[in-house]
Amino acid sequence: MAEIILKATNISKAFAGVQALKNVNLTIHKGEIHCLAGENGSGKSTLIKIISGVYEPDEGLIEIGGKVYSRLTPMEAIDRGIQIIYQDLSIFPNLTVAENIALNLELSGKRKLIDWKRVKQIAKEAIDKIGFKINLDEKVENLSVAEKQLIAISRALLNNAKIIIMDEPTTALTKKEVAALFNIIKNLQSQGISILFVSHKLDEVFEISEKITILRNGQNVISGEAANFDNDLFVYYMTGRKFKETHFEAESRKGTPLLKVENLSLKNGFKDISFELYAGEILGITGLLGSGRTELALSLFGLLPADSGKIYIDGNIVKINSVQDAIKNKMGYVPEDRLTEGLFMPQSIGRNIIISNIKELLNKNGFMNENKIQKCIDEWIKKLGIVTPSQNLPVQTLSGGNQQRVVLAKWLSMHPRILILNGPTVGVDIGSKYDIHQILRNLAAQGIGIIIISDDIPEVLFNCNRILIMRKGRIINEVMGKDVTEEELAYQMAAEA
Amino acid sequence: MKGFNLRHLINQDSNLLRLFIMLFVVFTIMSAVKPHLFLKSDNFISMAYQFPEYGVLSIAMMLSMLTGGVDLSIVGVSNLSGILTAIMLSKMIPQDAAPGYILFMIILAVLMALAVGTLCGLFNGFVISKIGVPAILATLGSMQLFTGIALVLTNGRIVTGIPIMYSNLGNTAVWGILPVPLILYILSAIVISSLLSKTSFGLELYMMGTNPTASRFSGINNTKVTMLTYMTSGILAAVAGLIVVARTNSAKADFGTSYTLQTVLISLLGGVNPNGGFGTVAGVTVAILILQFLSSGFNMFPSISNFIKDLIWGLVLILVMVFNYYSNKYAQKRAISKRSKEFAQKTM
Amino acid sequence: GTAKKAEESTGQSSQQASDQQKPAESKKWKIATVVKDASNPWFVRMEQGVKKFASDTGLEAFMKGPSKADAALQVQVIEDLIAQGVDALCVVPVSPEALEPVLKKAMDKGIVVVTHEASNQQNTMYDIEAFDNNAYGAFIMDNLAKAMNYEGKYVTMVGLLTMKSHNEWADAGIARQKEKYPKMELVPEQKIESEDNQEVAYERAKEIMKKYPDLKGIMGTSSKDAPGAAKAIEEMGKIGKVFTAGSSLVSVAGKFLESGSLSTITFWDPADAGYAMNALAKLILEGKKDQIKDGLNLGVKGYENLKLKGKVLVGEGWVAVTKENMKDYNF
Amino acid sequence: MKKLLRTNEFYIFLILLLLCVFIQIQSGQFFTRNNIVDMLRAMIVPGIFSIGVLMVLVSGGIDVSFTAIALLSMYAATRLLMIWHYEGNVILAFIISGAIGLFLGLINAALIAFFDLPTLIVTLGTSSIFTGFMQGVLHSREISDIPKTMINFSKIDLIRVYNAKLGISSGLPAVFLILVGLIIIAWFILNYTMLGRGIYALGGDRIAAQRAGFNIIKIQFFIYSFVGFISGIAGMTRTIMMANLHPTNLMGMELTVIASVVLGGTRITGGHGTITGTMLGVALVTIMSNSLILMGIPTFWQKFFTGVLILIGTGVSAYQSMKQKNTLHGVEIDEKELEKV
């Protein structure tokens, strides 16, 4: 057995009111690819932050390369070869690509001055390593999420890392990019570098990891060779539940379509988009990053009004030039990035739920009706199974899965007829993901028209009865969910025209 | 009236509780040191005359700070509307006018002042939300603009000759204990606090102040909310202007210029988050009272110069904030130990 | 002097209905002097007069003022003093009109009110003026005209357009020029604002001298105007070509008088004015109102032979200081 | 070229140029050596302040206490020299004033870094404390007879130009070099040191900066004590330039300086801002407020015009950046008609 490179023993950590970790152990060997799994809020991120010195553990020891620490500073962790790619990427939007990549290295090298030539040189080498092309002088705030993620990865690869920790590294990556990343990971492994990563995507976990550690409620459940697990077992350890994925079948389409889009075009966004959505359908729109899928979603929801084309609802032509127009037409939109676009993190869960529906919750005299509001909040917390001691707590105290449910609740509380979801389960654990999918299916059954925009292929495949494939701003094909395989779908998304 | 239940309010907001403690401490110290002066009813009535003008301005400031901005133009708006009122009241009422006519003109002038406040506020809101100028710059510019108009209108001179009927409003107390300016303050406070806590506009304002992107994605019309907020701030500034005109029997382009930063200070002490999204009228009101107690208290010591007041005021602000810091930490620790005990029991 | 004071107080306190039950010898009137802005050296100087009065008479006389010359703040200071029950208020208003209501309130409560620099004040018992504003403005103009040899372009400078006395002096100065010095010419700017700030006065003076290369005079009213303009004259190498005269204090303007960039400064001693106000208030408190008439002597230089016009007592004028006599003044 | 059009500095420069040309047309007096020197002179104090403000704003904070710091340190330093009857080199005046400013800045820094308090609250509070201390405890007053060494230094000119036509000479005082020196230092720190990049990083994403290994507390300590130091220097500079000490004249200037810096393209939300932009912003505001007479704007209209100019100046650049933000450039559309797969 290879030497132990990191060993965390009996780690405990509590936050205001939450015991996040209780006597957790984790052992990583040299050159090992290790998966850390668990539901939302099970303590994965907290454990990672303790290993990397961001948090101080209440109890427990961390042993790195033979040295034992009761607490680490981030600098020490970096010095000892621990590199972390955070879920929120931890990059600087206001700095250039080159700086974002090179700064950490320069910092840990204790450099006081900046040599811009060197910085660019470092950055160039780093992005070359993962075969990624980008203007090094571009400000990162002008980049897409995937590009930002690649920057974070190239940055982590730079430091003389012994362990690279990735918290859900693949959420915003396309299949192709994931494959490239895995190649890089294997390459690193062959150089003796260990990888610890968190993922909620089963196929990825089994494709790449050698060992798996599973947490539940802040405690160890099991840790062992990946070969000893299978899908069902893995899911069971994680959630204590069993799931069965089935294809979603919509009722037969009839009457006028709920939503009809004709020749919608937006400069630098998409072109000649036409499709129909019937009540009770779940329509998938999939495509690679940069295919125009998000722009289309934003456009339908009035955030980026289209330049030309027509939108019909119930056969009547409508103008959607603002979110208010969209809401008037009973549309809801679950955005790509729940932290910045979907939620008001420091505000209460209750306020987040009612904000888009507040006009319905007023008295005749225009004041808010406290009873109605209370009822509405209670109803949706219960219906969507949001786990919280009180609706008055800020949303930021919830785990990712529960936060996503709050976003859903916000839109469902206004009783939408059309619900557009952009990446509805990004960063949500398997249990919650399954629950959210069930919620969507139930909604469809109640006659809501749903559009799921996602590049999570199994997600669209199983949950959408119809799938539109976008490429370079256009719809290139339409398939039925039950008629295609994952491979076909992936091929069509990516194939060069 | 469950909205005005004090216990309810305090429970909601631990910051408010701390402010009440602070108020109580100041009150106790002042009463202990100068009982024969501070505890006189005259003193309280006098204070009730003094704070409404900057109190109303503080509420205006709070509103703009809830959006995450700031409104440096409130004093300019207040003077401009005051001047227009004063000009109207002094130039358009003949010497021998009947009381009924004077009253009519006063009502007209008040309405005009409110309209001016509305316009000024809308102008600010427009520049901030439609053109995208940061609030601090937009209102700094409009402050000069409004004061500039006031200067041009008056050539810098004071406007006087306001009918006694109007200035009596600023200097009489209903039943001998409720000064009219105080009544105006209380009215403004009630209206704004209901606006914030009971209407959808209030909720939208808090949410937009917290995260403008999310609010856009949630269907809030940010432009509209911003315009309405600065408009309300402008109206309140006009109300303050009307109080000042009545209190001083005159209007001038540079009255109360020191109120600008003072109202920011009050808002911050009152628990308004400078980044937007959090703050209540109740908090601001307690902060105003703390300032007024301190200020009137210090005027009772001939040997203490007014500058010491600045010093104490700054100290109070910072002490309250540091105190907040520690008590939040303490509350956190307590919660943790409670939770870990529960956790231990659960897992046993 | 203690015995005499006690005697005086005993004599008067019977007139104060509310004070009758108090033992006579403990009666010490509380006289508050409220100024525009307590940090201004002008009023710092005034406080010396107030203190001198307090120690001369043994009364509780003190000075208060807002930290900025702002009428709204001044009203609040006065409100507080009324609430504390002072016996007399000696007020130098930031803006007389703005104080009318609050001073009325004070008088309604039986507080003695005396003002200074507020000849149009309604709600006051007496207003003391060191001099007549129009005459003073004209006098500054006379000084400037003499320095300019009675010819050439000039401009006036005021602290703020909203400061009443400055504007009155400037207007009076302009009127004097129109009347007596026909060869002098006012430039179209007429009044420039110095924001009562020496540096601004300096910048504005430079700007106006650039705009009018043939400008010959700058008449200052605020105590910062003439020194600021003098510094500009000095720096631009215009000594002997451009002249300035105005209100100021020797402590601020002395070096410019010395260098010749400033011709004449005029002022009255704020300490004396402070003393005089308090002395007048005491007189009223003592019930000696009958003594207040033409020729009243308050025992302070310049206030020994006051003229009474209505409610306004006008003193004996101002002091003009040039390079020659500047040594005589230490403030 | 395209990149130039995207920078904020470009628009401010354009507005500045327009303003100068307008003044020139109105008065014929703008582009004279005299006037340029005068404008540079007038920029010294706001220029020095703006460097500190830039750093604070870039780091995501705000400081409104710098004028109070400037006044207190300048006042205390001058009084000390007077008590000591100091006659030596004027450098000491700057050192003492700078040191007191540094100390006052450290108070801000400690409150901000250790208690994690919002910067606006802290600096508004300390600003009130500092002025209260100066006026209430030190009983500050105007001082005209400042130490000889300071007066003598105020008379040293770097350049003196003479305009024969107007018969006017204008001097650029030696303290201009302080501004130049500080600009160079700040420019170097911001662009060529890890510390400087840390300031940008802190303003861009505080948590990310912490994770990257920047010592946030150290950086904040640097920023606020540097601002304190700079303010102490600015206060002394101002007193020396006027050869007269006035304890309150700088009050209220903080908003104008912050406005100039923001006008120069620095974002009030942190992370963005350059020295060039800042100096352009300061130049714009200084030139505007010192040319109203030259422009021929009547005294009564000057405030009004100042407001209009600020609104136009900020409006143009704000509108530009808003338009830029709203244009898409994400998706590369296939313009050919595609055959379906």
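Assorted remarks:
Chains: A, B, C and D, in written order; residue numbering restarts at 1 for each.
Methods note: a residue touches a chain if its C-beta (ideal position, glycine included) is under 8 Å from a C-beta of that chain, and two chains touch if they have at least 3 such contacts.
As the structure is a computational prediction, the values presented were derived from the model and not from experiment.
Listed here as common contacts of chain A and chain D: B. Interface comparison, A-B versus B-C: the higher number of contacting C-beta pairs is recorded for B-C.
Chain centres here are C-alpha means, and the one lying farthest from chain C is A.
Note: centroid distance chain A to chain B, computed from Cα atoms, is 43 Å. Computed from the mean C-alpha positions, the centre of chain A lies at a distance of 72 Å from the centre of chain C.
Here the spacing of chain B and chain C, counted between their Cα centres, is 35 Å. Annotation: 30 Å between the Cα-based centres of chain B and chain D. Shown for chain C are the residues in touch with two or more other chains, namely 39, 67, 161.
Across the assembly, chain B contributes 151, 155-156, 305-307, 309-310 as residues in contact with two or more other chains.
With touch defined as above, chain A holds no residue shared between interfaces to two or more other chains. Touching pairs of chains, sorted by label, consist of A-B, A-D, B-C, B-D, C-D. Residues of chain B that touch chain C in their complex: 37, 40, 42-43, 45-47, 49-50, 53, 151, 155-158, 160, 167, 170-171, 244, 246-250, 252-259, 295-296, 299-300, 302-303, 305-307, 309-310. Residue ranges on chain D touching chain B, taken from their complex, read 64, 111, 115-118, 120-122, 124-137, 139, 255-256, 258-259, 262-263, 268, 300-308, 310-311, 314-315, 318-319, 321-322. Looking at the complex, you find that chain A touches chain D at residues 52, 54, 74-75, 78, 84, 86, 88-95, 99, 103-104, 106-108, 111-114, 144, 266-271, 290-292, 295, 304, 469, 471-474, 476-477, 492, 495, 497. Chain contact summary for the complex, chain D toward chain A: residues 191-197, 200-201, 203-205, 207-214, 270-272, 327-335, 338, 340-341. Chain C makes touch with chain B in their complex at residues 32, 38-39, 60, 62, 64-68, 70-73, 75-77, 79-85, 95, 97-102, 104-105, 160-162, 164, 167.
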